[in-house]
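In what follows, a single structure is set out as structure tokens and then discussed.
Just so it is clear, A, B and C label the chains in written order, and each chain counts residues from 1 on its own.
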Amino acid sequence: MDVDMESQDTRDIASRIVTPGSVITNDTAFMRGHGTFAERTTIYSSVAGAVERINKLVSVRPLKQRYSGEIGDIIVGRITEVASKRWRVDVNSRQDGILLLSSINLPGGIQRRKSESDELQMRTFFAEGDLVFAEVQSYFADGALSLHTRSLQYGKLRNGTFVTVFPQLVPRSRSHFHTLPCGVDIVLGVNGYIWVSKHVPASKVEENSELIYSDKNEFISDDERETIARIANCIHLLNRLYVKITDTSIIFAYEASLTHAVKDLLTREIAIDLAHNVKTRLEQQS
Amino acid sequence: MPRPDRRENDQIRALHSILGLLNRVDGSAQFSAGSTSVYCGVYGPVDVKVYDEKLDRAVIEVKFRPAAGVSGTKDRWVESAVRGTFEREILAQMHPRTLIQINIQAREDDGSADAAAINATTMALVDAGVPLRDMVAAASCAVLADGAAVVDPTLEEAAAAQSVHTFAFAGSDIGRAGSGGASGSTSPVYVDSRGDFSVADYDRCYDLCLRSAQRVLAFMRTAIEGKIAKESQISVV
Amino acid sequence: MDMDDTSEQQQVAFAMHTFERIHHTEFQRRFLSQNTRHDGRAFSQFRATHVTKGTVSTAQGSSTVRIGNTTVVCGIKAEVSEPDVKTPNEGYLVTNVELSPMCSARFRPGAPSDEAQVASEHIHRLFGKAVDLATLCIESGQAVWSLSADIVCLKYDGNILDTAILALVAALEDLRLPEAQLDSATGVVSADRTIARQLTLRKRLFPATFALVDTYLVADADDAEEQLATTSVLVVLDDSGRLANIWKRGACPVSNETIHQCIESAVERAETISKTL
């Protein structure tokens, strides 16, 4: 039961669905990727999913998997613990990520040196429950991710709402911070954590670096709140119907959703309808 | 003699399952055979305490809670049975220094609950995307006072039986047996036969359970493949 | 010359001991691949088994069983208690296996380990039908005997299940229950120790445990072999030659053919022990 090379298209939904223990191929020409294991010359599937083939690499992508970080990933995390000279961050992975005190921007300019008083006042920067926008820098010996926010675009998140989606639906791309035409900023963490917030001009942030760790939200009008809620619900419905989450798909979903009330976006029929709408537009575009 | 629910001797009860019904765990499943129903939730691979961690493989932990009452020694027994069954089937070497935690909750017990627990665990592990060598399907059989062997016994049948037998098999083994291999060449992953029985009784139950396990495995595969087909159709983009 | 010989012998012995500690698996494999075991036994050979009854004078029934170095004492205390409403004519048999740090460094102090609990539960299930609980009735619905069987391991060298099962069978045979009567007026049960009756066991159980060490199936694994075995098969026969339990647990699959071989081996073992009991 070899995978048919000629007609195999990696986007083809007719690609074989396998369960753990199924034989994928006996052909030794293939290399095995994620979701498979080999015994002698046979490649078996170790998870349930669709077989994917890219040239000679055969892998199986399961529906659900925990996020496993890679260096350079842009993620959103939530501080769970303040420890000595570091913070523990929940990044939706099998282990908490670590944000070292030496990996953050200190107010007063990037050149400022870390002082002893900084170590004693760590909660003035990040406290438990805060959301942080960071990048994966490296790994620790036990596999935990080491994060950093050493760029003005990273740091504490405010003025918005939090949405969780399946990590597989957020593709890695050049930019994970987008300003949508409707006046809302979104941060798409590759780990499945997303932040939807009021648009704040970048210049305002740079002006006053003392405020980068402020816990005070800006004033958000009712209209802005409704737009934020609408975008959040659009992301929920894209997640529910397993559509990839990118700025394009969110904009399409938003535009299609304008005819419905914000809370109706969570009902099943409307969600399916809108998802189909988005998929059609995305196909047309590509 | 007819069975209380009028089933044939080699007929299992209606199977029913739900995949991914719990949204806080990594994977979950509910498995039911007739009135016997078991939930299973799987976390993994996740962080493990340094004290417990193994350097070359994942630690597998099983927790079983009964449908009613406080957890006791009976439940430790079921936990050890399930852990033993899956310790090899889970490819633990792929995730060293982590923990795979299997939580089983019995919802209703009308006989063959051990088999249902094993089946629910297989489905939950698959739902969680935990890498497995193979799927495991389990089935039970009882030898009644009149010598008849009946599969998937209810609680009433098991209580009055001379002996009760539970077997679990790996998918590849079931497939091999199905394609004409002698039952002597199959290798069960789990065997628990208890009561007052002869070797002939054991052999009869073994064959009946192997065939029942075949049906259970086909059912589980169909349920899982159906879910994937449905979801991957939607994620074409 | 003598001195040189002994010191050389000592050196060789030291190296072997070190090798055993460091390369546990490899050490065992060297023997198994040569069709023998590290203590010289054949694969299907059980260790010397000794059963002594009546070793605990303060218990109503007791025994001490040794299989090789594994030593277990079983003491049964009989107490009067009220029967369950659902079974007014039946007494109780409660079994408890104790694996404490006293018998091996493997076990930690504190609450019973999972291993001990699983062993206790398995033995409890096995003996459910072995004793006719109706013979423990003193006065229907009011007073019954409750037997607490404590199986304490004194020395652990593998195969606790076989040893514990034999100990319980021997202790039950040793059990002498005093004749008891319920005085309906005062509700007090009086027992005369001088008149004691034996408990009739419905059947005696003969266990045989086989472990899969590497790819070799060995009977009655000792502690060193057990550490490497993830899989085991327990076969229990009764005195009429019928089976009471086949329990295969652990990671590796065992072929049905092998299970049948275990059954045959267990039959031989049953014949041997029945003479000792």
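Operating definition for what follows: a residue touches a chain if its C-beta (ideal position, glycine included) is under 8 Å from a C-beta of that chain, and two chains touch if they have at least 3 such contacts.
In this text the structure is predicted, and so the values were computed from the model without any measurement.
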Query = Given which chains touch which, is the overall layout a line, a ring, a star, complete, or other?
reply = line
Task = Could you tell me which chain's Cα centre is nearest to the average position of every protein Cα atom shown?
result = B
Key: Interchain centroid distance [CA atoms averaged], chain B/chain C, Å   = 28
Query = So how far apart, in whole Å, are chain A and chain B when each is placed at the average of its C-alpha atoms?
reply = 35
Request  = List the centre-to-centre spacing of chain A and chain C in whole Å, with centres computed as mean CA coordinates.
outcome  = 56
Ask   = Can you list the residues of chain B that touch 2 or more other chains?
value = 170
Query = Can you list the residues on chain B that touch chain A in the complex?
reply = 20, 26-27, 44-47, 91, 94-95, 97-98, 126-135, 170-172, 220-221, 224-225, 227-229, 231-237
Task = Report the residues of chain C in contact with chain B in the complex, numbered from low to high.
result = 114, 117-118, 120-122, 124-126, 129, 203, 230-231, 233, 238, 242-257, 259-260, 263
Query = Can you name the residues of chain B that touch chain C in the complex?
reply = 73-74, 76-77, 79-81, 84-85, 87-88, 163, 170, 173, 183-199, 201-202, 206
Request  = Enumerate the contact residues on chain A facing chain B in the complex.
outcome  = 11, 13, 17, 19-21, 35, 37, 44, 46-50, 62-66, 94-96, 142-143, 169, 241-244, 249, 275, 279, 282-283
